[in-house]
Every structure is written in structure tokens, then in C-alpha cells.
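Look for subunit A in each of the two complexes below; its partner is subunit B in the first and subunit C in the second.
Moving on, here comes the complex of A and B:
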């Protein structure tokens, strides 16, 4: 048996593609990151002063929140508008998502239809939600109609993919068993697909609600959708009121933590089956 | 006789339970449906969403888009500017994501059940991550505008914060799932904390870390567009300028560029993931 000694070099390790790809990816990311730092456009902002200010601002934001332009009732009402916007678009997205997921899961739909729907939804998802909202705003005007339509579009694109993937994981044996017993397409969907992927569907839908709550804040700030996002936009851009900003931040933080808690509970339940 | 009687009785009970199960299922489904409808109605009222206008707006938007929202010859003159802004935005997203992932890895190590020095570290680390990920990226952007103004750094930090919070959560799960046993094996040989991390945690988790980082880069390119609109930087700002000056042909070219970039990055990272995992 050949025993390597300090004098005989170890045999070369065979080429390992996965570790090569891993190292190459890391190297490229490192180069891009360093390049990113050297080309940052500071736009004339003094970074040292800004970093100093950041500490003071954080203190004001988190330790001295207060309302001045908005009452507490107004804050709660606008938080409600944002939550409602997130909820409405999630439900609409889920309904559309369900229909098209049935038409794009490979074990339910013909291949050509699946390819067409998947390609179309990939493009829908690639366009950021804010741009969808702004596109609809040209014909519907800035406001809740454009926000609902734009957010529904992006949610549907996301949920079609998520639902279709959940459907594709359904056990092929159960589908065949039901088909063999003479069940038609609708019965297979209703008795196998929906029941066996229900937990996954719910988990994805709730996750999307979490995302849509965040998006609803952003749409209020960037696309005139109202709600607490618009309040934050005013506090930041017009009143320059950090204390009010702090109050809004706490409001969205508390609600988001609550949502995340429920989502995690649902997700753990899905994982356990 | 007695045996026969019990059999038929138990059959009857099973039969009843079956009917009961289906009836109950239907009642539950109906109640859930009614509650959902109620909540949808409340949401429509609260958001002041005009349902009829919503339906009529879709064909209107399609008609308008086909008539006005396509890149024309004049808009292609702006392609260099769009490409520069887009690559700036992508670089910002990449930089923010990698830096956030790196920092998140340290926070995940002190928080994961299999590697934490004390449960208190876990609690603090999870709380910090929760704060950073649960304040939305647009809110961070608006907050950071106070200190950093309209510079790329505002967007960079906003993306960094949210990515950091998200990565801590997923990396804690990854560390606990992937390296639990090998950590125990290494500890049994008397390896110290440093050796455990460099010899077991990092090699076992690295493909997952890279995979999640690539996922967040995809997400962040999209978020960067939104942040750009709010902070006046990158491709989002360029879109906003064209959009507000009613130069829809150029604005549509920006969207085409974003779609191509997002799809390319998605395809690239899927390929890397397939070859790596």
C-alpha cells in the first residue's frame, strides 16, 4: 500500500465542479462588492458627519417617538388602510393565483400551457410592484385603484409560482389511484390536490400577506396609495419630523412582528405535515 | 350474537362519523368563506377601492400601454444612460447583500442552538435581526434620508438592514439543520469553538449561505428600484424622471431593461445553485 510521506506529494484531488462553482461565485461576489464600495456616489453628502448624525437620529427615532401632525386615531386608521390594502390584494392575488396555478402545474396541465403561463408569470414577477402600480396609475389615476391592481398583479405572479410548485409536489400515486377509479379532472383537483397541499397553500398565502403589508407601506410612500406609508413619506419629506417617524416605525414594527409570528407558526405546522 | 351486534354498531358509528366529518368540513368551509367575504368587503370600504373602476381600468391600461408604452427610436438614444444607472443599481444591491450576509453569519453563529455560547446571545441576536427585518425597506429608506440625504448610501443601508435581518433568520435555521451532528462529532474530539466553526459550520453551510445570498440579490434588485424612487438614486430615479415628464417611451425602455436584468440574474443564480448544491 502506498503511504504518503512528507517527501512524496499527496495525489492531486480530482476536480470537484460544485466546489469550483462555489469558490468562483464567492470570488465574483467579492470583486463586485469591492468595486461597489469604490464607486459609491455620495452625491456631496459628508459621510463622517452623516454617520455622526445617524446615532443621534436613531436615538430620537426609537427613544423619543411622538405625534404632532397626525392624531393617534389617524395613525390607527391609516395603519388599517395599509393592512386592508395588503389583505385585499392578497385575496385577489390568491384567487387569480389558484386558477392559473391549476393551469401551470405540470401534473395537472398540458406542457405547452404550463410553459406559456410560467414564462408569462416570470415576466410579471420581474417587474417591481411599484412599477406595476405606476403603470396602472396612468389610466386609473394615482390612488387605491392603481395600487390594488398593481399589487394584485405582482401577488398573482408570485402565488401562481408558489401554488404550482406545491401542486407539483403532490404524490403521483394518489392522483393515479383516483384517476383509475374514474374520477374526472375536477374531482382529482378537489379530492387530492387541494386537501394534500392545503397547509402549503395557506403558508404561502400568509407569507404573501406579510409581503403585501410591507408593499402597501411602500406604495403609500412611493405611489400615492395612502395609509401609513403616505404618513411616513410626509414626515420624512415635508415635516422632517423624526419623532413622528419613530411613532410610525413602532406602529408598523409591532404589526409586522405579529404577522411574522403567525406566519412562522403556520410554516412550522406545514413542515410537520 | 353479541359479537355480531357490536360489529354492526361500530360500523354504524364509523358511518355516522364519516357523514359528520364531511358535513362538518362543509360547514367550516362555508363559515371561512363568509368571514373572508366580510373582510374583503371591509377592506374595499376602508381603502376606498372602486371595484367597478378597477375592472374598467384593466382594459384601459392595456389599450394605453399598447398605444404609448413601448420603447421608440428616440428612447433608444438614452440606452447608455439607462444601462449605467441599471448597473449602478445592481452593484448597490450586490454590495449591500454580500455585506449584510457576512455580518448576518456572525449573528447567526452566536444565535444558533448548536453553536451559541449562551442562550442570552441568541435572544439578543434574534431581537436585533427582528427589528431590522420587520421595518420595511421603504421605511428604512425614508428614515435614512434624514442622515444620508439623496446619496447611494441611503439605499445601500436600507437594503443592508432588511437583508441582514432576513439572513440572520434563515442562517440560524441553516446552521441548526445542516451542521448539528458534525459539530457534536468535532466537539467530542476536543475541538475548540474556532475549529468547530472553521472546520464544520462554514464548510457545511457555505453552499446554503451563497444560495440565500443569490436569492436576496434577486429580491434586492427589485427593492432597489423602489428605494431609488424614494431616495432619488439609481434606476428607480431615472424611471421616476421619465415617468413624471410623461416620457413614457423611455420609461418603458427602463422597465424592459429591469425585466431583462432580473430574469438574467435569476437564470444565472439558478444555474449556479444547480451546479453547487
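Moving on, here comes the complex of A and C:
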């Protein structure tokens, strides 16, 4: 066998189309970025003052949060409204998701039904949540009803796919064993599918709750659904109150960290089985 | 009394080759039948045609005088609950406890709602505990099944089949994944079920010597056809060679040795 000595030159890496495209893209982006900086129109702006103000604003936002137009009870209540919007749409989405996942997992449903449901949910998922809310706003008017409908719709589409994939991973042997002992379809669902995929189902549902929470903040402002998102919209766009913005941001941050903590706990449990 | 009657059964999975190519035999109550044959001979297919996990392409299978091909769903459930089945890979629900897995054997007798939610009566639970005692697993009833050894899992599988009160027990390579001592415990348990409870056993086995030791009758299958059907003592080396073809050489060398053919 030929053993390469230290003097043997390393063979050149063969030309690789995809890595070439990647480097070319990066190079073009770098050139454009530098070009962009040089062509900024900073005539009317005093850069020193602007940077100063930016620093000041950031300081106010993050180091001097406070409430003026809203009381602390008001803030908590509106945070509650946003959480409730996220929670409600997740629960509704989970119920619808479960029903249609049973109809679309290949080891539970006939192929034609599975194909139909999967194609339909792919379309639902392809349209972003905000668009669904706007679509429902046509008939329900912009507001909480449209937000609930639109967010539920997209959550359902997402959870149908997630649940169905969890179901499809269930061991075919145990399904066969229960069928062989005379169990019917529902009994197999309740005794094999649910226990075998429970951890995954919970994990997916919680992940969707996190997504829905942040969507609910945006919908509060964008769709007038109320809650802390609407408060932020008022504080920033209407009162120009940075200290209040800071308070809202912290409230959301604390809640998000809490969610993340629970999600990680759940995930670890899933991994353990 | 004839428990199982297989009449000229053919099965094709599509294409023009037959996994079963005109198989016929009858099994009387109390027999311990071993089905042997090389990999791909059609043993698993044959067993699954009995409880209609697989539909036959042509021919007929009758269990306790009931033809399985024409059964409606409810009647099929009623028939299946009288047929126990155990598997090479045990096929338990790993996330559930030993007790819950054994109770699955009662599902065929329960209403959809009670079964789906896992509501069992006190007498069903007591029965499950008794059977677990009989197979020596009474100390593990609340353990999750993924914490058991292979031999213990297979005994849970046997308990799950026994609680069905079966008249016929189908075993698809019950010891193929077990070490020799666990395999012996499982085979002894099956023999016990056969002789003491009078349950008819039909088992696919990979090891000829195990079939010889335990079965009252051996059916040799090759390429979807029955090559041999008779007493273990009449199974000569010539016939083994006919059943196993090119695999026979290893088998004859390994015969009598507890490790079988793997």
C-alpha cells in the first residue's frame, strides 16, 4: 500500500459546484455591503449626535424601564390576554391537529385519505399566519376574532403534520400485535399510538405554544387583537414612551425565558423516552 | 378435533412469485407443530394468513371450523381474540408497564371506549397478575417494558397471549433473538402451555434441534411449499437437506448444538 510521506503534496480538492456558488454569493454580498456603506446619504444627519441619541435611547429602554400610561396590573392583565390568545389558538389547533393527524398518518389511514389531508395541510402551512389573519379579517373584521381564527388555522396545519409524523414513527410490531389479539382501530390508537408518541406530541404542542405566544404579540398590534402587543404599539407609535417600551420588553422577556425553561424540561423528558 | 385447517393456500405480494404456493395441512387440538424452513420460505406469511393479518390470494384457512377469508370485521375480532400470537421482537408497547401490556390481551373482549382508555376490571387485573406469576414476572408488574431483558419481554408477550384464553397459539420465531438459557425458559413455557393448558401451538422455528426437542410434529417449508409433514423422529438428514437447500450444511453441523444456525 502507498503511504503518503510528508513530502507528498496534498491533492487539491476537486471543483465543487455548490461550494463555488456559496463563495461567489458571499463575495458579492460583501462587495454590495461595503458599496452600500459608502453611498449612505448622511448629509442631513450629524453622525456623532445620532449615535449619542441611539445610546441614550437604548439606555432608557433597557436601564430605566417604567410605567406611566399603564398600571402594573394593566400590564399583567394585557400580558395575560396575549398568553391567552396564544394558549387558546394552540389548544384549538391541537384538537383539530389530532383529528386530522389520525386521518393522515400512513399507518392509521388509507393512502388516498392521507394524501388528501397532507396536500391540504401543506397549502395551509405555506400561507403565513399573518396572511390567514388578514384573510379571516375580510369576513370577521380586523380584531381578536380574525386573530383567533387565523392563528388557529395555521397552528392546526402545523400540528397535523407534526403529530402525523410522530404517529408514523410508532413501532409497526406493537400495532400488529394488538390487531392480532382482536383490538379495534380506536383501541390501537389509545393503547399503542398515544402512549408511544405522548412525549413527542407534548413537545410539539409546547413548541407551537411558544410560536403562538410571539405571534400573539405581533397580532395585538397588527390586527388590533389587544394584549401586550397593542400596548407596545401605543407606547412606541403613539406616546413615544421608551421607558414603557422597556417595561413591556422585560415582561415579555421574562415570560419567554420561562417558556423556554419548561420547553427544555419537556424536551429532556422526551429524549429520555 | 381440528383446530386449524389450511387448504391449498397461495399468497403473492404482487409480481409472479408466490410466498405461499399451495400449502395444505390440518392441525388437531393439543398438537405442538413446528414449522421449519430457510429464510424467505414463507413461514411468517403462513402464520399471518391464519389470523388474517395477511389476506390469502387464494385457498382457505379455517380456525375452529370458521373460514377466515369471508369474515366481517366484528367476527374477525371475535376470532382473533381466541388466537394468541407471539413474535420474534416481542412487539410490546415499550412505554407502558408490564401489567398494561398483559392487559392488552383483553382488548378483543372489551368495548371500544373502555379499551381505548385502558379501563380494565378488577378481575381482569387479578387474572393478569396470576398469569404474570405463572411466567415468573410477578415482581416486575409495574416496570416499563423497555427495562426488561429479552427473555422477560417474551414472557410478557406469552402472558399477553394467554390472557386472551386462546385455543391456538401462533409463535413467529419466538426465540430467534434470545440467548440459549432465555430461549430454553421460553420454550419450556410454551411446552407447559401446550401440555398443561391443552392449547395448540404452531411455532415457526429456525433451529431444527429445538423443533425436534419440543414439537410433536414438524412441517418443513421451502419456497412456499410443504416439503415435509410428519413426526420429528422421521426427519432425516436427507429431508433437512431438501428443506434447507444450500443452508443445510451449516445446520447439520450445528445440529445438537444449542446455538442453532445464526
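The criterion applied here is as follows: the second predicted complex is superposed on the first by the 218 of 273 C-alpha atoms of A that agree within 3 Å, B and C clash if a C-alpha of one lies under 4 Å from a C-alpha of the other, contacts with A are read in each partner's own complex, and residues count from 1 in each chain.
Here is the rule we go by: a contact is a pair of C-beta atoms (placed from the backbone, for glycine too) under 8 Å apart; a residue touches a chain by one contact, two chains touch by 3 or more.
Computed from a predicted model, the values in this text were never measured in an experiment.
After overlaying the two complexes on the shared chain, residue contacts for A:182 are found with subunit C alone; subunit B is out of touch. With both structures placed on the common chain, the touch criterion links A:196 to subunit C but leaves subunit B unconnected. Using the contact criterion defined above for the overlaid structures, shared-chain residue A:174 touches subunit C, although it does not reach subunit B. With both structures placed on the common chain, the touch criterion links A:17 to subunit B but leaves subunit C unconnected.
With both structures placed on the common chain, the touch criterion links A:111 to neither subunit B nor subunit C.
Applying the stated contact rule after C-alpha superposition, one finds that A:126 touches subunit B and leaves subunit C untouched.
Listing the residues of subunit A that touch subunit B in their complex gives 17-18, 21-22, 25-26, 29-30, 32-33, 35-37, 39-45, 47, 50-51, 53-54, 57, 61, 80-81, 84-85, 87-88, 91, 122-123, 126-131, 134-136, 138-140, 144-149, 214, 217-218, 221-222, 226, 229, 232-233, 235-237, 240, 242, 245, 248-249, 252-253, 256-257, 260.
Within the complex formed with subunit A, the subunit C residues making contact are 51, 53, 73, 77-81, 83-85, 87, 89-96, 100, 104-105, 107-110, 112, 115-118, 146, 157, 160-161, 164, 170.
For subunit B in complex with subunit A, the residues that touch the partner chain are 36, 39-40, 42-44, 46-50, 53-54, 57-58, 60-61, 63-65, 69, 88, 91-92, 94-95, 98-99, 130-131, 134-139, 142-153, 156, 206-207, 210, 213-214, 222-223, 225-226, 229-230, 233, 236, 239, 243, 248, 255, 258-259, 262-263, 266, 272, 275-277. Looking at the complex, you find that subunit A touches subunit C at residues 171, 173-174, 176-184, 186-187, 189-192, 195-196, 198, 273.
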